[in-house]
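To start, the structure itself, in C-alpha cells.
Naming follows writing order (A, B and C), and every chain is counted from residue 1.
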Amino acid sequence: MRITDEVAEAIAEGRPVVALESTIISHGLPQPRNLQVAVELEETVREAGAVPATIAVLDGVPRIGLDKEGLERIATEPGLRKLGFRDLAPAAALRLSGATTVSGTSFLAARAGIRVFATGGLGGVHRDWTTVQDESADLDTLSRTRITVVCAGVKSILDVPATLQRLETRQVTVVGYQTEEFPGFYLHTSGEPVDWRIETPADAAGIMRAQDALGGPETALIVANPVPVADQLDPALHDRVLAEALAAADAQGVTGQAITPFLLEYLVNGTGGASLEANLAAVRGNAGLAGRIAAAFSREG
Amino acid sequence: MRITDEVAEAIAEGRPVVALESTIISHGLPQPRNLQVAVELEETVREAGAVPATIAVLDGVPRIGLDKEGLERIATEPGLRKLGFRDLAPAAALRLSGATTVSGTSFLAARAGIRVFATGGLGGVHRDWTTVQDESADLDTLSRTRITVVCAGVKSILDVPATLQRLETRQVTVVGYQTEEFPGFYLHTSGEPVDWRIETPADAAGIMRAQDALGGPETALIVANPVPVADQLDPALHDRVLAEALAAADAQGVTGQAITPFLLEYLVNGTGGASLEANLAAVRGNAGLAGRIAAAFSREG
Amino acid sequence: MRITDEVAEAIAEGRPVVALESTIISHGLPQPRNLQVAVELEETVREAGAVPATIAVLDGVPRIGLDKEGLERIATEPGLRKLGFRDLAPAAALRLSGATTVSGTSFLAARAGIRVFATGGLGGVHRDWTTVQDESADLDTLSRTRITVVCAGVKSILDVPATLQRLETRQVTVVGYQTEEFPGFYLHTSGEPVDWRIETPADAAGIMRAQDALGGPETALIVANPVPVADQLDPALHDRVLAEALAAADAQGVTGQAITPFLLEYLVNGTGGASLEANLAAVRGNAGLAGRIAAAFSREG
C-alpha cells in the first residue's frame, strides 16, 4: 500500500482527509470529462478544508492518493478492472491495475486510517434479486468496516427498498442529512423513509465518536445526502425513462453483469445527458459535505 | 454506558447476571401492566439466583440495569424509539431515549460483560421476505455477539422455517431446552426440528464454556425454551386467529413496519387476551431459566 | 482440540499441511470404499509434498489429524453427525462424535494454524432458496475464515449461479485454476465465469501472501480446480439424469434436509456409478493441488 506524502502527513497529524473512489473515473463517466471531474472533486474536498485521497490499484499496489499521472492512468487506461475488497489480493499478486468500488475503497481507506469517504451512490440489491440473488459486496463491506460514507443514496436502477432492508439487516447505520427521506441518487428523494435525521457535519462527527465509544462490530455510517432539488433530474422524466429502460432490458434479454451499464447508458441518452449532470451535482455535494464532516471529526478529536 | 452498582459488582465478582430487554416494556405490553411485568421479570431472575440488568438507553446513555425511575420512564414515556445495535450511536449523539431490541440489548449486555439474556421471542425473517427482503437485524447481531439468549422461539407472525434457515446460515447455535422441536412462542412447539437438545442449565453452561474454548467468531447460543403445554395458547385457536390476521392484513393492504403491530394486536383481540398470557408465561419461564443458566455458568467459572 | 504429533510438528516448523474434511468419508461414500478413499487422499497429499490432517470430532474432542483407528471410526460408526462450526460447541459439551463439513473443517483447520484445505465441492445455495431460504453455512464460514479451499466447485444439485452471487456478496475471493470458468463438480465446467484465473500453485500462494499483507476481514480464498475433461461425467448424461432427479424429487414431494441425499443417490444410480467416479477424480485432483499450494506457500514463508 502506497500513501502519498501529503495524505500520510495529514493522517499522522490528525488533519481531515476524505477518500474518493475511482470507478466513477474509470467506468462512470465518458472521457475526457472523467479526468476533469476527478480533479474537480479533489478541489471540492480541499475547499471544504480536507485533503483528498483518491484510491485505486496501480500495477498491483493499492494507492492512497493519486498524483496527476495516476489520475490520468485511471481516466484513460483501457480495460481497467473494477476491484472490490475480494479482488485486492488477486490484483496485488498478479500485479494488475484497477479502479476501486465502494467496497474496495472503503476497505483501503479504513486500513490507511481515513475515516470519511465521498462517493455518488452505493451498490445495492439488484431488481432481479428474487430470482438471481444479486447483492453488491458494498453492503457486506459496510457491515464490517468503520468508515463514514457520504452518498446520494443508491442508483434507482437497483431495488432501493430492498437495499435499505439489507442495510438494516446487516446493521449499517443510515442517517439522512437534513432530510427524513432516503435520497434517490438522481432525485432529491427516493420516497423511502430513514430512521435518523441530522442537521450538521458536527452531528455526523458526534455519531462517529459515539460509534468509537460504543465499540463492537466495526460497522459503517452512511450519511445520505440528497442532490439539491434545483439540481435533480426532473422526477417525471426520470420515472418515464427508467420505466422505458427496464422494459428495453427485458425486451432485449439483457441480464447479469450487462444490465447495469445498459440501464445507465439508457438513462443518459433518454434524458439528453441530464442524468449525468444530476449525478455530478450529487457527487460534488457529497465531496463537499464529506470534507466538512472530516473537518468536524478532526476538530473534535 | 452506565452500569448500576449492583450489576457492576456482580459482574466484577463473577456472580450470575441476566440481561433483560426493554422493548417488551415499551412496545410489547399495555400500560400499566408493562411496568408490573418489568418488575416481576427482575424478581423472577433474582429468585433463580442471578442479578437482573434491564437494558435501555436514557437521554443517549446506554443503561445496564435500571432503577425504579428508569423502568417507569421506559414503561410510560410516549414515542420511545426501538433501538437496535445500529441505532445506538445516533441515539447517543442525539441524546435520545429508547428501548433496546434483542439486537441492541445483546450488544450492550456483551459489552458490559453479561453473558446471559432472557427475552420472549427473537426477531426473524418476515413472511413477505420473498418480495421485500425483510430480515431482523437480531440475526446479524447474534451471528457476531458472544451471548446466550433464552427465548421461546420466534413469533409465529414471522416465517419460522426461514428464520431457522438463516440462523443456520449465519452460524448461530440453537439448542432446544428439554425438547427436539423449536418452540412456537405462544405454542409449545412450532413443529420445526432443532438439531440439539439439552436437559439442564449445566448443559447450557457447558456449551458456553466450549464456545469460549473453541474461540473463533463470537456467535451466540440460542436456548430455545418452550412455554409449558399447560400455559400455551390453544393451538387450534392460534392457527385460526393467525390465519384471520394474515388475511385481514392482506385485505386491508397493511405492509412494511405496520404489519407486526397489526398482527400482534389482532392476535390479542382475536384470542380474548390469551395470546398475551401465553407470551407472558413464556417470558417468565425464560427469565427463570436464564437465571439458572447464568448461575450454572458462574459456578463453573 | 487434539493435534497429532506429526501435524503439530509440521505446523510448528512451517512445513506444508493440508486439511481434509470427514463428511465425505462418513456421508459421501459407501463402505468400505470410503475408508480406502480416506487413506488414498492422505497419500495423495503426501505425494504432493505436504502432511495431511483429516479433521473430525471424536467423543467431543476436535481432532486435527486422525490415526488409522480414528479414520475407521469415521468410516464405520453408524449415525455420525455432520458438524458445521455452530455444532462444534454442543458436540464438545455433550461429548459426541461427528464428521466435519466444509464449515467445521475450515474453522478447525484455521484455528490449528493450517492454511490450505482440500475438499470435493462447497456447500451453497439450494435450488429452492427462493421459497425456503436455504443457504449452506459454508459460505458464512468462508466469509470469515482465513483459509484456502481447493474444490471442484459446487455440486450441480445446488443453484450454482446463486452460490457464486453469494460468494461475491460475502466477499469470498474465487479464482479458477487454469480456467476462466467455475468448475461443475462432476463436470469440467459449470458454464459460469470466474473473475480471476491463475496458472500455478505459486500464483495461489502469492494471493495468500497478499491477503495477509492487506489485512482486514479474514476471508477465504477458493481455488476452483476443475476435474480433468478426461475424468468428468459425460455432460449429456449429467444433464439428463439431473433433470430426471429434480423431477423425481418434485413428483415424490422430497424437500428440506432429505433432498440432497435423494438427488445424490439418484445421480449415482442413474449414471451407473459414473457420478461417483467423477466425484473421486475431482477430490483426488484437489488433494494433490492443495498439497502443491501448501508447499508453495510454505517455501515463500
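Here are some notes:
The rule is simple: a contact is a pair of C-beta atoms (placed from the backbone, for glycine too) under 8 Å apart; a residue touches a chain by one contact, two chains touch by 3 or more.
For reference, the UniProt names are A, B, C = Pseudouridine-5'-phosphate glycosidase.
Note that this is a predicted model, so its numbers are computed, not measured.
Copies chain B and chain C of the same sequence differ in orientation by 120 degrees, per CA superposition (steps of 5).
Interface of chain A with chain C: the two copies contact each other largely through different residue positions, with under half of all numbers used appearing on both sides. For the pair chain A and chain C, the distance between C-alpha centroids works out to 36 Å. Of all residues in chain A, those that touch two or more other chains are 130. The touching residues of chain A, when paired with chain C in their complex, are 1, 62, 84-90, 92-94, 103, 107, 110-111, 130-137, 139-141, 144. Looking at the complex, you find that chain A touches chain B at residues 125, 129-130, 143, 159, 161-162, 165-166, 168-175, 195-196, 198, 203, 206-211, 213-217, 219, 221.
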